[in-house]
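For reference, the structure discussed in these notes is given below.
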Amino acid sequence: MGEFIWPVRVYYEDTDSGGVVYHANYLKFMERARSEWLRSLGFEQDALKNESGIIFAVRAISVDFRRPARFNQLLEVSARIGACGKASLSFEQHIRHNNELLCSGRVNIACLDAATLKAHPIPKHLLAQLSS
Amino acid sequence: MGEFIWPVRVYYEDTDSGGVVYHANYLKFMERARSEWLRSLGFEQDALKNESGIIFAVRAISVDFRRPARFNQLLEVSARIGACGKASLSFEQHIRHNNELLCSGRVNIACLDAATLKAHPIPKHLLAQLSS
Amino acid sequence: MGEFIWPVRVYYEDTDSGGVVYHANYLKFMERARSEWLRSLGFEQDALKNESGIIFAVRAISVDFRRPARFNQLLEVSARIGACGKASLSFEQHIRHNNELLCSGRVNIACLDAATLKAHPIPKHLLAQLSS
Amino acid sequence: MGEFIWPVRVYYEDTDSGGVVYHANYLKFMERARSEWLRSLGFEQDALKNESGIIFAVRAISVDFRRPARFNQLLEVSARIGACGKASLSFEQHIRHNNELLCSGRVNIACLDAATLKAHPIPKHLLAQLSS
């Protein structure tokens, strides 16, 4: 599958007194891109929870912060599937500004039973799209 | 009842690129003080939910931001009950640094049924303490 | 001037364990709408700071939280100027979902000298647009 | 050097509608522990910036999220230096609840010139303490 791109504007809420985006907030930007990628495939997470009883949870992250993003910049946040198991996914994600790479990360996601928070197979109709 | 004081340290997470605490984050500080005031009276909010089936929700706020708080400052956040109804509470709260008033607010809280999110009377054993 | 509308999607980052949007985060949504309204008039806040030496700061807020917003909803956040002084502005703002009013607020904004954080007149070319 | 422990209470602000602490917020908890560890050694970050012209910035993180933390829990967040270079540090950090490991991470920190945001040697009086 190709790379999905989601634009994210930097507001004051995202910055810190160092004058740049606060490091933990890049993780929020990456999640927004993953959510919008899933929506672009036709899957709404509230429907997946209500109808299939599953939620997605972040299991591990590894992020390099190369250059700072700043207030008011319009960033491009990418999401691409790196690997896909029966009940897990990994994403490669990049954050760029004017084609300059600011931040890159690998994010491992688990598919969980929404009630028990235990591992649950990714629904087949979703898995079929992910593998295509 | 007297004024309850809770110390809050300002970390990078709380600031913005204006060099000061981001305005919405003062509301988090005020909630921390309300939570710790309730704990100081012997009430844990997770127990109130599990045993009495209630949660508290913010219904209205009115806040004046007078002077900015800055990175690394140790703030004093106060909470004092202004009024107490059957299913609602209002708090007067102040945030100070070195005795200088930075921010003051009035926060109206509703007691809700945790399942339906509809108004629910404050449990009697809690109300008795609030009125004493 | 008319009402400006900005769409905001609710992500996990915005919610709390009560299952709804965390109350302080509505203030972030309102600021996003004010920023985008200003951009729609042709003003970028980083340019206003660098070229005119001013920033805008929230001086006071008054917000009613009527109904909760939930994960994955697409909200409409409005901004409309209520009053405009030499160095201050006030906004009337509403947050709606499917035309249902969830939250309404009044936000008072001060125009500040970016270096001293003291009151500074709103630049004339901006004031002219606000008054039109 | 030994392991430094800092207590962190989970408030609503930290949780999400999955009922657990939002993943990016563990990074905030880890930073609080690093800041308090530095303070426990006698170093205030605002003084380091004003007097030595340096700030610390997160360069890379790698975090495993093993079990969720929940509303109202009192967590223990640890910080221990794993390696120390001329202008960089790496931390091993763990988050536990009732001695159960919830989350572990490695955080690489760069010492930067506060004005240029370029690498800057760690001040000698600080480095001496870190190496002892």
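As written, the chain order gives the labels A, B, C and D, with residue 1 at the start of each chain.
Just so it is clear, contacts are C-beta pairs under 8 Å (C-beta built on N, C-alpha and C of every residue); 3 or more make two chains touch, one makes a residue touch a chain.
Keep in mind it's a predicted model, so treat the numbers as computed, not measured.
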- Message: Which chain has its C-alpha centroid farthest away from the centroid of subunit D?
- Response: C
- Task: Let me have the rounded angstrom distance from the C-alpha centre of subunit B over to the C-alpha centre of subunit D, please.
- Result: 27
- Query: If you average the CA atoms of subunit A and of subunit B, how far apart do the two points sit, in angstrom?
  - Reply: 33
- Note on the structure: Among all residues of subunit A, those touching at least two other chains are 12-13, 18, 20, 24, 28, 31, 70-71
- Touch graph across the chains, line, ring, star, complete or other? complete
- Complex contact set, residues of subunit C against subunit A: 9, 11-13, 28, 31-32, 35-36, 44-46, 70-72
- Where on subunit B does subunit C make contact in their complex? 18, 20, 23-25, 27-28, 31, 55, 57-65, 68, 117
- Query: Mind pulling up the subunit C residues that touch subunit D in the complex?
  - Reply: 12-13, 15-20, 22, 24, 70-71
